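Look at the two complexes coming up: chain A is in both, with chain B in one and chain C in the other.
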Partner chain A sequence: MANYYIPAKYLFSNILNVDIMIAPFITSKTIELGSKYSPDFVCTPFKYTLGSMIEALDNGANILLQFGGGCRYGYYSELQEKILKDLGYKFELYNLINAGKADVKRIYKTIKKIDKKFNVFKGLYYLFIAINMVKYMDKIDDYIRQNIGFEVKKGSFDKLLKEMLEKFETVKNPFSLYVLYKKYFKKFKQIKINKPNNYLKVGVIGELYTLMEPFSNYYLEKELASFNIEIKRFTNVDYLLFNNKKVHKKALKNSKKYMKYKMGADASSNVYWTKYLCEHKYDGIIHIKSSFCTPEIGVMPIIDKIASDYDIPIIYFSFDANTSEIGIKTRLEAFYDMIEMRKKR
Partner chain B sequence: MNCYLGVDIGSMSTKGVIIDENNKIIALSYIWTEGNPVEAVKKLINILKNQLDKKYIVKGVGTTGSARKLIGLLLNANVVKNEIMAHAIGTLSIYPDAKTILEIGGQDSKIILLNNGIITDYAMNTLCAAGTGSFLSSQAKRLNINIEDFGPLALKSNNPVKIAARCTVFAESDLIHKAQVGYKKEDIVAGLCRSIVLNYLNNVGKGKKINSPIIFQGGVSKNIGVLKYFKEILGTDVIVDSNSHLMGALGIAILSKKNSSDKVYDLNIENIEFKTKAIECKGCSNNCEILRIYKDNRLIDNWGNRCDKYIKNC
Partner chain C sequence: MKIGIPKALYYYYYFEKWRYFFDEFNIELVSFDTDREIIAKGNYYASSEMCLSLKIFLGHIAKLVDKCDYILIPKVDNYGLKDQMCANFSCLYDLVNNLFDVKILTYEIDYIHNLNELKGFIKLGKQLNLKIKDIKKAYHKACIKFNKKMKEKIMINTNKLDSCNKKILIVSHAYNIHDNYIGKIIKDNLTKFNCEIIYSDLFNNTSDLSFYLSNELYWKYSKQNIGAIVLCKEKIDGIIFLTTFPCGLDSLVNELVIRKIDKPYLNLVIDDLDAEAGIETRIESFVDILEQA
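Right after this comes the complex of A and B.
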């Protein structure tokens, strides 16, 4: 998923005595393979991850890691294991988070199974570094999303990000990571941008995987940046791992008017974020999800109500393996024209 | 005198207008696209040219519709914009106080909400082409009715049949079933018109506040059967302009006027050789389908690449 393979690889290659392979980058072939062997009406992330697993197995992997929880995602690992075994692949699949719960004891036992020599202290040490890496990456990404639409020299943000991530892969301790992060944040701030006074701001919310894997949302954020728009996205791994519960709690308290009970997966968070975007006078909201994502379908009427109460335009996209790219572009372009027209009023 | 050309190249038909400085239409044409936008536009421009008085010079060209990008290159357009914007601008030039635009075209349908001359909300069909022009024309063919007679025939019916029109395929099988059990043709045709309206309001218009004045446009607005059921179901008047099918072209012509400079455009494009060549890039497993556009044997653009590989080559 996006660049998060870097901290994941960093963590596992440092604590486990096994060869870590990176699944090939997601391409059309990945989703083709995934769709071929998936149930037709399953959510799209299932197809992407299954496709990636097949590509990894074809490249010689024999241990796969999957997580699970929240929504239908909780069934991914068992179903994918069954499908892949039926296809004749020989491998072991470990689900580190079962039924949405991260049971420390079970995770320890699972890792011990993969590598008998696993050392807890070493594990915790590198886990600490990897967690910080994710946090720093998310902070940098946040800054990039705010400014990449206004860069003077095209591609300067992407280039620097690539350089930073390469450096991140080689850090030895938490301190050197921190120094690197500070150094690069400074460099990012030095990149020349040309931000006018009344620039457009758009919030992107919705289903987690589709938001975070650019290939699966047809590079939506890149497209938005090309219109010179500042982008706000709340969903990232930092949210997923550490702030999830906090946001849910806040959501129930803050959005009482619109929602009485907690909804599945990230639906409640999206209600909260919609309200946040409306209150902070964003020019538009884009809600994206994979087709058939039940929690997000459930939350759409609520979001609609909030957006109409605050009179903020909102647009919905559902992505699956057969989405027409031209159709998305036309709708996005029209959305941009509309919010620009409203802004000028 | 200055004039401005607007071309709307849709999936089914290609529309063109030329306007003067006061947004008055001085030349117009409407022809079938027939799957070949380049040829259709060449034909269209020829017709428009013959209608145009010699005293006019073209100072701006705008393109919209699904082939806007390709034709924009062919005509060197100064404005290339999506249909939603073009339709809104075109309609507002005639009905400045319009609040709702219902548009049903050949392959898509949309709703545009306006307030004080500003687009405040819009939606486009997402599911499939059920209830659009191409569906109507294919069903007319199946029932052996001229598409022009479709509306008048629907008006004859007092008892429209119910047709499940959520999806084209199901609508068609329901339609066949109704015909086989003996319903009258006019009742089926009327049912079809009614189901298109219901489908539109339940899909595209879902959750949207439809306020008057309501303007209905796009090719399907010419069908008086569909118009009748829009009025009946919305319970209010719905306006159809005599140029309702040309609103997109008119809007984009106005936008090109706003963006015009000193540049003069030549409408002699018959002899321009405009070719496209599709190749599959083998650079990675994305296998992008690259479309290379040649004008007079010179490569002018590449489309469809996900990376930068083909941008550098032209």
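Right after this comes the complex of A and C.
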């Protein structure tokens, strides 16, 4: 998913005595492979992950890790294992999550199985660095998202981000990581931007995989940036792994009018975020999800109602294996024209 | 006072318990059978990608809105870590609350966070200003009656396994097969061809058996269904998987099970475009195959 393979690779290559292979970047071939062997109406992340598993196995991997939870995400691994075994691949697939909830014992046992010499303290030490790395990356991503639409020299943000991530891969201790982060944050702030007074702000919410994997939403954020729009996105790995419970509690407290119970996956957070975006006078909301995502489908009417109560425009995108890119661009352009006209009025 | 109960989703698991419970207080319950009108209403309120069962649920609500004082919609999240419910079940209350202007009775069942059924019923009774002592009494009475009734149903279902007709196990959520619209076509057709229908949801303790087909499964009712396959694998002639489009759980679970069983099976996916003739043809050819085997 996006650039998050870097902390993951960093973590596993430092604590385990195995060769780490990064799955090839997702292309249209990946999704073609995935949907060929997937059941009919499964949600799209299943197809993407299955496709990249097949590609990884073709490249010679023999251990696969899968984790996820909240909805049917937690059940992916068993079916994927069966499908791949039926295709004749030989490998081991470990699911790190038990019944959709994180299970420390299971993770420890799995790691022990992969590498018998695993050292807990070393593991925790590098885990700490990896967690910090994710947090810093998310903070910098936030800044980039706010400003990338207004850069004077095209591509300067991307170039610097790439340079930073390369440096991140080689850090040895938490302190040097922190120094690096501070140094690059300063550099990011020095990049020249040209922000007009009356710029457009758009919030992006929705299902986590489609939000975070740029290929699966056809580089929607890049497209938005090209319209000179400031983007706000809440879902990131930091939220998924560490802030989940806190946000859910906050969500239930803050949006009592629309929501009484906690809903599946990120559904209740999305209700809260919609309300947040409406209250902070954003110009538009974009809700994206993979098709057949059950929790999101369930809350869409609620999100719709909040948006109409506050009179904020909202657009829904549902991505599947063969959604046409041009169609999405056209809809996005029309949405942009509409919010721009509203702003001028 | 009238309490409306939509005859969909929760109805098929809890209705009997609710009926015995409210009987103790002489409260009337209202519900309707699913028909074309209800499905059309459901389609109007639902968003396009919702599963047919949920659309039917919303249709029922739309019909009930002006015919009762309250509508009962609980939120059942789980019966423990390994017995969770579909994500759709947890958004029902808020969905209805936002879409319709109606008074709703509600309670929550969440065994992970220590909210059991009795606590839920107490909460339910309090909303109607009933006394806790009476609620507890009524709940226990309802439970006894409910268990007796379930035992009878399970007995009938299990006895069918010894019949000499063709025996077909229907693997489906209770809210699909017992529904008056989705399930009835299939039931009618199967009885027409002299088949014995065995329901996967009416067995005792089948959840533990699901382990043999899928050890990571964590949905309560899917586990029950899959367990039933393991339980009566030897005695049945064929299996029909009945799914509403696009059911999230069945899309994964049924695919996995189909890859693992060696019985003849029919995978029926139903959408609201009803083509009764199509379903009839498929069932007929399936029965033909069973007879030739």
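Criterion: the second predicted complex is superposed on the first by the 345 of 345 C-alpha atoms of A that agree within 3 Å, B and C clash if a C-alpha of one lies under 4 Å from a C-alpha of the other, contacts with A are read in each partner's own complex, and residues count from 1 in each chain.
Here, a residue touches a chain if its C-beta (ideal position, glycine included) is under 8 Å from a C-beta of that chain, and two chains touch if they have at least 3 such contacts.
All values reported here derive from a predicted model rather than from experimental measurement.
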item	value
Chain B versus chain C as contact partner of A:Y261, first or second or both or neither	second
Of chain B and chain C, the chain that contacts the larger number of chain A residues	C
First, second, both or neither for A:Y75, with chain B first and chain C second	second
First, second, both or neither for A:S318, with chain B first and chain C second	both
Partner chain in contact with A:N95 - chain B first, chain C second, else both or neither	second
Partner chain(s) touched by A:V42 [first = chain B, second = chain C, both, neither]	second
A:E163 touches, of chain B and chain C: first, second, both or neither?	neither
Those residues of chain A which chain B touches in one complex and chain C touches in the other	301, 318
Contact footprint of chain A on chain C as seen in their complex	45, 47, 49-51, 54, 75, 77, 81-82, 84, 86-88, 90-91, 93-95, 97-99, 106, 108, 214-218, 245-249, 251-256, 259-260, 269
Touch list for chain A against partner chain C, complex	39-43, 46, 70-72, 74-79, 82-83, 86, 95, 98-101, 258-265, 267, 291-292, 294-295, 297-302, 305, 318
Interfacial residue positions of chain B with respect to chain A in the complex	66, 81-85, 116, 118-122, 124, 126, 207, 284-288, 306
Residues of chain A defined as touching chain B within the complex	24, 27-30, 219, 301, 304, 311, 313, 318, 326-327, 330-331, 333-334, 337-338, 341-342, 345
